[in-house]
Amino acid sequence: MMQGGAINRWLPWVVIGLLALFPMVESNFYMQLLTKVLIMAIFAMSLDLLVGYTGLVSFGHAAYFGLAGYALALMGPKYEAASLWWTLPGAMGICVAFALVTGLLVLRTRGIYFIMVTLAFAQMLYFVFHDTKLGGGSDGIYIYAKPTMNFGETVLVNLEKLDQFYWLVLFFTAGTYFLLRRILGSSFGRALMGIKVNEHRMRALGFPVFRYQLASFGLAGGLAGLAGYLAAVQFGFVNPEILSWHQSGAVLMMVILGGMGTLHGAVIGAFAFVLLQEVLSNQAWFGIAAKHWQLAMGILIMLVALYLPQGLAGLMTKFGRKPATEEAVDD
Amino acid sequence: MDLAFVLIQLLNGLQYGLLLFLVSSGLTLVFGIMGIINLAHGSFYMVGAYLAWSLASMTGNLATAILLAIPLTVVLGMGLERLLFRHLYSRDHLYQVLLTYGLILVFEELRSLIWGDDVHGVAVPALLNASIPLTENLSYPVYRLAISGVCLLLALALYFLIQKTRLGMMIRAGASNRDMVQSLGIDIKLIYTLVFALGVALAAFAGMINAPLSSVTPNMGSHVLIICFVVVVIGGIGSVKGAMAASLMIGLAETFGQVLVPEVAGMIVYVLMAIVLVWRPEGLFGRK
Amino acid sequence: MTEAILRTEGLTKRFGGLVAVSDVSLDLHVGEVHVVIGPNGAGKSTLTNLLSGDLPATSGRVMLDGRDIAGLSSDQISRMGVGRSYQKTNIFLPFTVFENARLAAQSRTPNALRVFSRAEQYEAINALAGVALESAGLAHRAQRVAATLSHGEQRQLEIAMCLATQPRVLLLDEPLAGMGPHESQRMVELIGKLRAEHAIMLIEHDMDAVFALANRLTVMVNGEVLETGSPEQVRSSPAVQAAYLGGEELLHE
């Protein structure tokens, strides 16, 4: 156990250090791909907080991801760069607020109901952006200039530069990881895990379960917003597809593929999923089949659901490592 | 707005609602009896529509196409239950969601490979291709009335099946007490297969008969699925009665919404759902 | 006699046509063990669920310190000082024994500001959990995962969690169920000790334990109170003897 604890302490720093060095080695395509992986890792960790730690299977998590992207596109001036200093907290704040409002409703339900209702509310948002002129309809909105991050006249981070944007995203990914790790090790986090294991007993012990779940839901919404904001910056546009249910399904797949209930699992899952997507849709390798890469992805998802319920992290524990669910407990 | 116009919208709303019932009743039965959440249910609706389109263009006749397609969908349903869904009954909903999400992707891509990504139209059968004049310039298509009639008949048949037959009794008993049914020596596995196939066939049939009214499009399945989720949430999981009430409610609300307040029509069903969640989180006909 | 800390008046619970608990009035005092006995299906567990807020009552009142708590949620009632154990073991199986008790103790402290500091650094909470485990006789198992405990030990943990919430009223639903004789003896001693500072309602089938502990005895049949009073009164009640088929062996041991 001691050894596992020590590994838990230094391994994330080693990984972050190696990732930070990556732009020195490779500067274009793979760096952009890795940026995408890191953004998805934030997204997956935020969902893992709900699915893996609070026991809430949300199938509408893309709503908060997409909402933040739209918030950036709509809040900033049309052709000039917006300031990251207020658009990022603003976008995340909107997501937290929306998560709290929807949370008040969806948390009245459990089990299958919860899954359907989260999906339905996400889809509601999809139609808001798809059917109205608010967000440019199905075409979406271009973000012509990436947000600026200046201090007075000094440019702190130039988001137009791929490597600087990469480091910023890495900073946020690491920040999310350590923040969540901290929170999950706290009394609050323990209460969430208790709720996941035995909600009824938590209530009988005197925990106001609903409030804890709502707080978790709001936090997860805000962090999904962080990921969505960064994704919108990277892609340079938003359209309704970023909050479609395919996105919600994809992020759920990342969480389970990596191994839910472990933060590093969410990161591994995001990495594996994005990579798979790239490989399967690579025309140079698969030719005409690459066009139908979702077929292979669909089959793979079904196989994971049937044969790999604990994900890749679970696979590792099979080879003699300690149970991954204890990560946060003996942190 | 005159009476004839309101009448037309009313009929349209009812027709849409009845169609929704065909799709959602299977969904709610599978939820209620097997405890399975099936995201791929909308895909069956899509498969039905595409089958109707392709078989109709081969045979030149929608009725023949439907007659040919129904056995195919039943076989599809039984096959899927045996091969996939059977492994999910004891599993956490999370994995049911994941597996059926994967299944959607597979269905979408197979559809793309077999039938392509184009939008298609299906002709209304000649026999039913007429309109009943209501006023000088308003009339109502016979085909829509026919669909409503067929849906009503099916709803009645379903009610009869569940309430009055031995199979229905087993279905109801299976929903409340699985062990009891099994101890009576009833083959619960067979019942599950049949119920699942019934759900698939109903959804696909809805897609077939609706094909002449709305075009056959690639993502038609997911839209129907989400609306059916709303239906099940409002009606209460496992309640066929609730599915009927909620389907009609949503059919009418969406139809009138599109006429009266087109800007926010897409939102209405979700607002309805939110109200029900606040008022009765277990659904109108759901058990507490 | 002291003022009752918890009192029910005409408490009734219907499930559709079935009346599970009918017009039950009883009271609990600090320093007393009030034992409720009765055949299976008499409504004893339902009664516990009504008192703890797990189930809403159809009618009647539950007064805690003179305040009607019927209709409050189970977490609110728990925070007002009513602790309960469950007939079916209801613990956090994947967590360690200590974490089970620690979570229970944590529920008594406001949590809003504890999002960033480690859960284990609160000595007061750890101490509370430790004392509760010690009282329940589980201190030596603190680091075990709860799922690996024996059935009897899981029952002890159930009680320890209940104690860690520092309740004034204890509702114990068959705490001895499935325990060996040695463990049972321990539990009876523990409940006897807890009596001094708690008002205890005990549901139990084990008649040795019932008569070892009861200050007051209530017999329930078909959801109704058949007889209530001191153990001697109940023992000699003709109604109880008539109703209890084979009751002689139960009550005249």
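Going by the order they are written in, the chains are A, B and C; count residues from 1 in each one.
Please note the rule applied: a contact is a pair of C-beta atoms (placed from the backbone, for glycine too) under 8 Å apart; a residue touches a chain by one contact, two chains touch by 3 or more.
Fair warning: this is a prediction, and the values are worked out from it, not measured in the lab.
Trainee: Classify the inter-chain contact topology: is it line, ring, star, complete, or other?
Mentor: Contact pattern: an open line, chains touching in sequence.
Trainee: Closest chain to the protein's overall Cα mean, using per-chain Cα means, please.
Mentor: So the chain sitting closest to the middle is A.
Trainee: Rounded to the nearest whole Å, what is the centre-to-centre distance of subunit A and subunit B, using the mean of the C-alpha atoms as each centre?
Mentor: Result: the chain centres lie 33 Å from each other.
Trainee: Report, in whole Å, the distance between the mean C-alpha point of subunit B and the mean C-alpha point of subunit C.
Mentor: Their C-alpha centroids are separated by 49 Å.
Trainee: If you average the CA atoms of subunit A and of subunit C, how many Å lie between those two points?
Mentor: The separation of the two C-alpha centroids amounts to 43 Å.
Trainee: Which residues does subunit B have that touch at least 2 chains other than itself?
Mentor: Residues: none.
Trainee: Which bits of subunit A are touching subunit B when the two form their complex?
Mentor: Within the complex, subunit A contacts subunit B at residues 51, 57, 59, 105-106, 108-109, 111-113, 115-117, 119-121, 123-124, 127-128, 130-132, 245, 249, 252-253, 256, 260, 292, 294-295, 297-302, 304-306, 309.
Trainee: In the complex, go through subunit B and note every residue touching subunit A.
Mentor: 31, 35, 37, 39, 84, 87, 91-99, 101-106, 108-110, 112-113, 222, 226, 229-230, 232-233, 237, 263, 266-267, 270, 273-274, 277-278, 281
Trainee: For the complex, which residues does subunit C have touching subunit A?
Mentor: 52, 54, 73-75, 78-79, 84, 86, 90-96, 99, 102-104, 106-109, 111, 114-119, 122, 125, 161, 165
Trainee: Going by the contact rule at the top, pick out the subunit A residues touching subunit C in the complex.
Mentor: Against subunit C, the touching part of subunit A is residues 182-183, 185-191, 193-194, 197-198, 200-209, 325, 329.
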